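Two complexes come next, and they have one chain in common, chain A, joined by chain B in the first and chain C in the second.
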Partner chain A sequence: MGHEVQGGLAIGLVIAATVLIGAFGLRLSRTTSDFYVASRSVSPVWNASAISGEYLSAASFLGVAGLILTYGADMLWFPVGYTAGYLVLLVSVAAPLRRSGAYTLSDFAEARLESRTVRQVSSIFVVTIGWLYLLPQFVGAGLTVQLATGAPGWVGGLLVAAVVVFSVATGGMRSITFVQAFQYWLKLSAIAVPVLFLVLAWRADGMPTPGDGPPTFADRTPVEVPADLRFDVVEPVRVLVNGVLDGQRYVGEPVVLGRGSHEVGEGALLTFPAGSTVPHAATVEASDNASWARPLTAVGDRDHPVYSTYSLILALFFGTMGLPHVLVRFYTNPDGRTARRTTAFVLALLGVFYLFPTVYGALARLYTPDLLLTGRTDTAVLLLPERLIAGTGGQLLTALLTAGAFAAFLSTSSGLTVSVAGVLAQDVLRGSVRDFRVAAVLAVAVPFALSLWARSLSIADIVGLAFAVAASSFCPLLVLGIWWRRLTSTGAAAGLLVGGGLATAAVTATVGGVDRGGWTGALLAQPAAWTVPVAFLVMVVVSRRTPGRLPPHVGRTMVRLHAPESIAVPERRVD
Partner chain B sequence: MSEQPPRRVRVVSPRSRAVRTSGSRAVSRDIGEQTIVGEVYMASLVRIQLRLAIGVLLILTVLLGGLPLLFLAEPDLVEVLVFGLPLPWLLLGVVVHPVLVAAALFYVRRAERNEADFAELVENS
Partner chain C sequence: MSNTIEPDSDRLVTVQNSEEFAELRRKFRGFAFPMTVVFLAWYLLYVLMSGYARDFMGYQLLGNINVGYVFGLLQFASTFLIAYFYERHMDNKVDPLAARIRSQLEGGQQR
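Take a look at the complex of A and B:
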């Protein structure tokens, strides 16, 4: 009971702070241009905190640790890729992108290629990527609220959706910048402080390590099943069952679970003896601890680990620049030079944060192996404190982590909502502030609806897919658009449609539940390694075939993108 | 109708600011108006910045892209413990991040220097 109050209180405080800071910023935003882009007057330190605050999503806060708990060493590439993506962005597009003056990726496409068609194709992918990225935020919010207060799974998503629409529709960008900056520091403290206590508790526990065998329950462990569940038993085990198992109701009776698949009903309580092997949910692949600790081992149907690792690296490294909410943030830098410096600072802030999810993932393998059985691996971060630290201390740390997780859902969702709503308002509606508010509701409603049936998907996996689509559509558009004069509007549109379209198709197949095994499964689950080169190739080949579609003012655009601020170019002064 | 007076010519010391400003305005106008001279100047800047970007990306490819190959070639690296952590975990979980920040700082300094050099070139021509 006590921990439900604390969890609810933590969530309430984060929401109150978000809305209050948003309302405070509201008084500063007056004109339409203020409303959209914070008047470009945000200082680099604030801006770097805001970029990091917005970027650290449910995937970073909860998802990475969950994936590390399940799949081990190979998942360490997620935090590496999330950070390295900013380095790639910095060296290949940061300053020119800022100088382009584009507010959304669609604006950049139109300004560079002088074509409405390319703009509209870009808008389709901004919305696709935005929705794909918003979906896991709502899933994560649902899990967190359910865990903290016992409310049904849809409550958390709805709460985040409502707060985001309210603060985006009333505050605009200016207030969001302050909210985001505040949320970076909140998230960092929320994830860093408990680690200190967790590591101390682990040392006091005699510093156990996972060993080589399959994951086991260290002590006699009761596991409550949160929803109807199908799971696989690797080693026969004798458990006490209270609830429905394989269609039969038991009341605290011992049952021997044989090797193979079983079904258990919602609310059932299974009590495992100490030292028994942990069964695993049908959605989670089993692996022993030796291969868990080792990079590049095939886990279950995640075949072809070398291909999958490189494809994931490609998606994360090259996808960051194409995320809709990242570009908006760059617009609030005063010029290209500041944009670069801000990005370098962002890399440092992200690097510090990403030291921590790995610790949670590794400790979770020791202390929350039951999540492999229930399939709720994304809740590992939230459960660890109470598993390791008894009493009020553990509860307080859980409340802190709940607050941090909620900050992650809110900040990323508002950033994405601003971008998706911006594109919808300008390309589908007429672009007034009122249209922006309508668009904000639209931007949130669709992924929220999707999150209701997609709850079994791993948060970080879906976010990885959003990166793959971004890397296969906007990365080639930005890189070629900035560095290659001969990119034509036809080439750009063709590359976006083919690369982004193929990646979207692969993602749809994966989310739709196509078997992940074999080469087909690996190619669909990690599409970037083939869709990114295809997108580049199509853009280059089609551009060479259509030299007549070269934008007429490409020379002027290139000057605008690359000329340093320190020289006074007459053309610049016009705008 | 009537004969125009000869065009006035301003005579200034070659070391004064006036000369440099007018020269710089000429080249920056070339750049702004995309004359052939201006295009050549811009192309040189774009080329040098692109070379820097590719250089940093290559270093990144070798350092990070090489890690899976290293793990593949030496699967027993996981037995090597540094500060109690298996080496692959230490590399990916900790060491990578300062390396990325160092690469970012290196890039920012070089890119700004390239732009300063370019600005100087434009002003002195």
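Take a look at the complex of A and C:
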């Protein structure tokens, strides 16, 4: 079996490159300031590549295509929102934030509001959002390694965790910048090159389209079940079963699956005849092809599509600025003007990348419908080449995609780990470089442990929830903190706790498995549309009620945020 | 940063209360806030059209490509367009003003 060797080799190469480039950067990192923010001496194009490299996570590389495969057109909002979030960030907060001179979101909160309490509340949300975002990276790594090498699901996550702790703990931010920039270009090539071949293969196949009915198997298809599974049959179908089905063991015998719910054991092989309707996993409620191609058709258990879609858009647009690993990058620009330039480059780099997952998602509907049955829709990107292109060509493309996916896990996880560890080191430990290393281990250990039981969750969905929490906590803090001088420390703390707290509660309920149906389900699954306004409202109302808690140096801080950086406003030391 | 100046607090307060500084912030907000509203509305329009003007959005222009997809691509394009306008606005309107405030401060600094 050649493809296991190739998959393992691809993963090994990406890890080796990450560690080597990290080690190269290591020699350049000297001081604590170097360690956290790369001495603010990185050019806009490098920095934009690094930001994009860090930003394009498992959700972008694997998750978006998986959601498009299952739910269709509505999911196009994920790539649009991920990109447009940068526009909101650029226009509303990028330059002032850069001028604030803080290293982390918590630093910004403390510098602007001059309050330890606000700082601590911010730190709690930095860690919450960071963990929520790291979790799907480990899930994705598990799936990818399992698919590439046949290793158990936890191996991939552990591998990523180990590499990230090593490179973050030894290199800090300086080396990370180079690693991230390299990984953007690796990811772009890894996702773009196979598309050319896949589209050619699709043309050679007579350019089939999904049609209007439910998704079907084009050819006779054997499906190996990767883990115990409950699934729903939409149309009765006669399959060959090898393994345990509905509590009975079969050895290559034909069985008629009636409409309704069935259970199948791990390792079973179900062979479906050509043209039969694809059953779907209990966790994945797939749509028929007609509503798949149309937006806002309330697919499966996703009710109230207009509300849900707009809420998702709000979360993605306003959440980007509140992601801990995104923000810290703006401090690596020498001034506000380069910060703007960098963001414009980022928009272009992200826009180019996001054209591709859509193509994978659409092709997956045709060529990997069995993933709807196994529920492993996040692996669609990795499976497509071998389904469309026979022999070594397909295997090489799979290896390339595996490498790209791994680059995605590594880069996003490193960036997040730097940020979460930075906050943990400064606010929980004492802030030395040694503490930073201990904090790096803490930062990955918790989400890795969570990833072991969260395997059935969709990667892009969890990332969407992280955005919702960020939009409900840091977006109001940043926007009001920068643009409204009457924001008080009490108001900020109250808004963070109420907005971020409500969003976190909604997210916990969703991840914990609360029914997504009906209005309650929709409001909990996509909380941003109500939690973001609530957070703003609480901040404004409480600030108005507590004018006495206005930070004493607010005038100076505002000049610092809004004046061109060449006027150095003396920094208040905050330690 | 060799050309950095460090004005004392009095001068900072003067800057902060000055007409120019107010103008600087006004120029920035005057662009950023309306633009954010316009583009959120533009995205909302797309969502609403997809929900309630199905026939229009589903109208097939060419093969499988319908109005909805073209509209979707336009959303993407508009993102870049706004970024471009923003960049131009900042370069032409805001940065020169910022530079003027700076040179005034520097002038005051040299006494």
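The rule we apply is simple: the second predicted complex is superposed on the first by the 564 of 575 C-alpha atoms of A that agree within 3 Å, B and C clash if a C-alpha of one lies under 4 Å from a C-alpha of the other, contacts with A are read in each partner's own complex, and residues count from 1 in each chain.
Quick note on the criterion: contacts are C-beta pairs under 8 Å (C-beta built on N, C-alpha and C of every residue); 3 or more make two chains touch, one makes a residue touch a chain.
Keep in mind the model is a prediction, meaning the values are calculated, not measured.
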item	value
Room on chain A for both chain B and chain C (clash or fit)	clash
Contacts of A:L76 with chain B and chain C, given as first, second, both or neither	both
Which of chain B and chain C A:Q120 touches, first, second, both or neither	neither
Which superposed partner A:T271 touches (first chain B, second chain C, both, neither)	neither
Which of chain B and chain C A:T170 touches, first, second, both or neither	neither
Touched partner set for A:H562, first chain B, second chain C, both or neither	both
Chain B/chain C common contact set on chain A	73, 76, 80, 83-84, 87-88, 90-92, 95, 293-296, 306, 309-310, 313, 317, 337, 340-341, 343-344, 347-348, 351, 483, 555-556, 558-559, 562-564, 566-570
Interface residues, chain C side, partner chain A - complex	1, 3-7, 9, 12-13, 15-16, 21, 24-25, 28-29, 31-32, 35-36, 39-40, 43-44, 47-48, 50-51, 54, 57-58, 64, 68, 72, 75-76, 79-80, 82-84, 86-87, 90, 95, 98-99, 101-102, 105
Residues of chain A that touch chain B when the two form their complex	73, 76-77, 79-80, 83-84, 86-88, 90-92, 95, 293-296, 306, 309-310, 313, 317, 337, 340-341, 343-344, 347-348, 350-352, 354-355, 358, 362, 483, 555-556, 558-559, 562-564, 566-572
Chain A - residues contacting chain C, complex	73, 76, 80, 83-84, 87-88, 90-92, 95, 209, 293-296, 305-306, 309-310, 313, 317, 337, 340-341, 343-344, 347-348, 351, 483, 555-556, 558-559, 562-564, 566-570
Residue ranges of chain B touching chain A (in the complex, touch as defined)	24-25, 28-29, 31-34, 38-39, 42, 45-46, 49-50, 52-53, 56-57, 60, 64-65, 68, 71-72, 75, 78, 86, 88-89, 92-94, 96-98, 100-101, 103-105, 107-108, 111-112, 115-116, 118-119, 122-123
